[in-house]
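Order of writing sets the chain letters: A, B, C and D. Residues in each chain are counted from 1.
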């Protein structure tokens, strides 16, 4: 077997070993990646950054544990941004299975910034109905969410006193693993003109670009790369940036192997051609 | 304690499955047989909790007698244990196939054909669409609509079975297969990230939930 | 009897679903859900056949002391073990054995979840080896497939913060949204028409392989 | 217990517009669906009637021509054939299509006296498959070679099934593998393992997201509709072929609808006469009710 043939028939176990290494090393040594910040992610960052301190911002949890690796870092990064900017955070969700997660993420970030429940942030949980909930919220949030996740009436929470409907809200940030983002755009933007930024799993991202093109949403954070970009923008490298180095190296490794395989294949084919000519 | 034991079991099984990448070996065989056994048993309770309880037992206890019919069909399935009357099991199988076929007709039209045609009928030019900068606004360029129309038609023609692929049909079908191949390449490339994420998830589990606490328990 | 009644049952259920789809009036609006429930109940009974088939196969292995019979023993013991755990959980939680906190839930959490997540994550390796082996620029089609895959892959990981990678990122998203979507749409329409014809063949009894 | 798919997630959004009057006897919003079903249904009936006793052309489908070769090679090497119906249920039309292909494959394995192994995800599919294979062996004149235990149940867990099938592939080392039916993420796990033991692999599915992986690691792949056409292709029965011709007529209709739409769109966009309005009404007709 000559070298070219070897290159075109590398044992799969060598590929597996190298792949495992490029994924493990950044995680063990916590190596953050250099990240290019895409336009849509910066637009999302600017939308949050331009809100004056004290403006309420809604976080909508429309995902479940399966999408946590991608969406959790995004939510953490944007919560950090919001608390740093002293925005008033309202956490809610349209996927019941996501609520325990977002509660965890919210409490972690709140601890980090020592903000107070009821004054700087509230967690109002889930109500069934999706689009119907969004429309009701446009009239009066208390029509659907009369109590928070612990059962405390919204009126007894200091920060909610001045918040009644979308006109009191600066921005809705929705975290999407499915089609709930479409409904946010359709109802909250379409009927009430609410400003929306979307954070989506990689699978959903391409389908949200048209909204960006039509200026229906203010920004878009897509997949792990978007999460890493946001971490970079809030200057707080974390899980997404580390995981992006694993991602980047794994992608490069696969591309390198594809190139090696093709070089081997072409050289072999050339040699075969010259051989047949000689004979 | 329950959690620590659980993490050790989970970590052990994780490593055993990964050993398959080197070659088939006793560890993988062990994990595989454990997996099939455990999940088959689990499926029994899953079926009971989510299917039979709510669909059969609860309605019966509320005197909704109609569910007796599928109950009898269900029992008919069990005739397969007795070769002489096993043919009775064809009845419930026929009902199931009928349900699937009926659904395929209506859902295929409602869920696929109609919405796909609707979103392919697009304006290619005119006042409603403006030409933007190709690079900054790729996704709202009107030529996109033309690409979608051409690509969809060509792909449909690739599946045209009853004419030989020559002449105009052959040409269109060739464009169709190019679209199909490029699309497959793109979605393959697009999926790599999601798959690597899964591996990152498992490795994070092994490191953060298993190795790091283990290391700490040695140092303290 | 052995052949005609099954054909008739398929015909009736299929037609019932199609007709009731267009009638929003009671009781027709419930036909589809009711028949789907029937299917679920039948599947529930059929599971007994499945479990019997699995256990019997491995019991025979053990009895015959076939190669690897020890693994069959492992499979059956774990089945029985988890089954007992499930029964205990069911007794504890009044029939709902899968309630969080039950022993069966523990088994699910620490065995089924890690096993399935790890099997799933093997895809990271397999997608790499498949890409290496299959993406060779053999013919025009294969070359286009390869180029599309590599370009989109590069677009997914913006390694360097420059205009080229920004463009590549947007380009790969555009690629998924426009040309990829077009081909997918064509394939989906084909699938819908194919399954439409297949269903009619089955409902009308032209296709009866499944009833052999 | 399947990994969450996009379709499944999307269904959660469908409860937005549910408040509708249910007192009518016809669902007016679904008139477009009814029209298309009647139209495509009449194509089906016309072509099936016309086809009786005729010999009709069907274009080559490489994956189906390879069935004989795959079973033959498996026999030569003294290895069994593995038939994997995927993780669909008997109510999935792709699974039913898979069973019709199974019937043809089993006839070949009966002819060649080769063992066929079939692990199952759904016990109902298993029961139907046992009957089908038995019948194929009887028709092939070898009822004694049929072994019901080779068509068995594994588990109703997506990746548990994948782990089990991987194990079977590694230990039985089949010479030919058929992946036909509904497949989700496990498609590539199975196909790469199958490739590693050197089997000829013929795949087919209606899950568009999984097709790229089958294309990459299998020798032949039936793309979507090709799988539904398989039983007609393999049987060459004129009536079945007629129904394929009916499908093609529906296809042409759809192509024409799209082209008409595009022309209306162009004329409307140029502000010529009433075309803009027509285009608007035309697209609206397809809006789901």
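Following the convention adopted for this analysis, a contact is a pair of C-beta atoms (placed from the backbone, for glycine too) under 8 Å apart; a residue touches a chain by one contact, two chains touch by 3 or more.
Owing to the predicted nature of the structure, the values given are computational and were not obtained by experimental measurement.
Colleague: From the centre of subunit C, which other chain's Cα mean sits the farthest off?
Modeller: A
Colleague: When contacts are scored as defined above, which chain pair ends up with more C-beta pairs, A-C or C-D?
Modeller: Counting C-beta pairs in contact, C-D comes out ahead.
Colleague: Which chain has its C-alpha centre closest to the mean of all protein C-alpha atoms shown?
Modeller: Chain closest to the assembly's C-alpha mean: B.
Colleague: Roughly how many whole angstrom separate the Cα centroids of subunit A and subunit C?
Modeller: Subunit A and subunit C have C-alpha centres separated by 27 Å.
Colleague: Quick one: report the Å distance separating subunit B from subunit D, using the average Cα coordinate of each chain.
Modeller: From the centre of subunit B to the centre of subunit D is 14 Å.
Colleague: Distance-wise, how many Å sit between the C-alpha centres of subunit B and subunit C, to the nearest whole number?
Modeller: For subunit B versus subunit C, the centre distance works out to 5 Å.
Colleague: Which residues of subunit C are in contact with two or more other chains?
Modeller: Each of 18, 21, 36, 39, 42-43, 46-51, 54, 68, 112, 115-116, 119-120, 122-125, 127, 129, 131, 133, 135, 145-146, 149-150, 153, 156-157, 170, 173-174, 176-177, 184, 187-191, 193-196, 198-200, 202, 210-211 in subunit C touches at least two other chains.
Colleague: Show the residues in subunit B shared as contacts by 2 or more other chains, in ascending order.
Modeller: 17, 20-21, 29, 31-33, 35-36, 38-40, 42-43, 46-47, 77, 80, 90, 92-93, 96-97, 99-101, 103-106, 109-110, 113, 117, 120, 139, 149, 152-153, 156, 159, 180, 184-185, 187-188, 190-193, 196, 199, 201
Colleague: Mind pulling the subunit A residues that touch 2 or more other chains?
Modeller: Those would be 12, 16, 19-20, 23, 39, 202-203, 209-210, 223, 247, 250-251, 254.
Colleague: List the residues on subunit A that touch subunit B in their complex, please.
Modeller: Per the touch definition, subunit A meets subunit B at residues 13, 16, 19-20, 23-24, 27-28, 39, 69-70, 202-203, 209-210, 212-214, 223-224, 243, 246-247, 250-251, 254.
Colleague: In the complex of these two chains, what residues of subunit B are touching subunit A?
Modeller: 21-22, 136-137, 139-140, 190, 192-194, 196-197, 199-201, 203-204, 207
Colleague: Could you please specify the touching residues of subunit C with respect to subunit B in the complex?
Modeller: Interface residues on the subunit C side: 2, 5-7, 9-18, 21, 32, 34-52, 54, 68, 71-72, 74-83, 86, 89-90, 95-98, 104, 106-125, 127, 131, 140-142, 144-153, 156-157, 167, 170-196, 198-200, 202-203, 210-211.
Colleague: For the complex, which residues does subunit B have touching subunit C?
Modeller: 2, 5-7, 9-11, 13-14, 17-18, 20-21, 29-49, 51-53, 55-56, 66-67, 69-71, 73-75, 77-78, 80-81, 87, 90-106, 108-110, 112-113, 116-117, 119-120, 135, 138-139, 144, 147-156, 158-159, 176-193, 195-196, 198-199, 201-202, 205
Colleague: Mind pulling up the subunit B residues that touch subunit D in the complex?
Modeller: Spelled out, the residues of subunit B in touch with subunit D are 17, 20, 24, 28-29, 31-33, 35-36, 38-40, 42-43, 46-47, 77, 80, 89-90, 92-93, 96-97, 99-101, 103-106, 109-110, 113-115, 117-118, 120-129, 149, 152-153, 156-157, 159-165, 180, 184-185, 187-188, 191.
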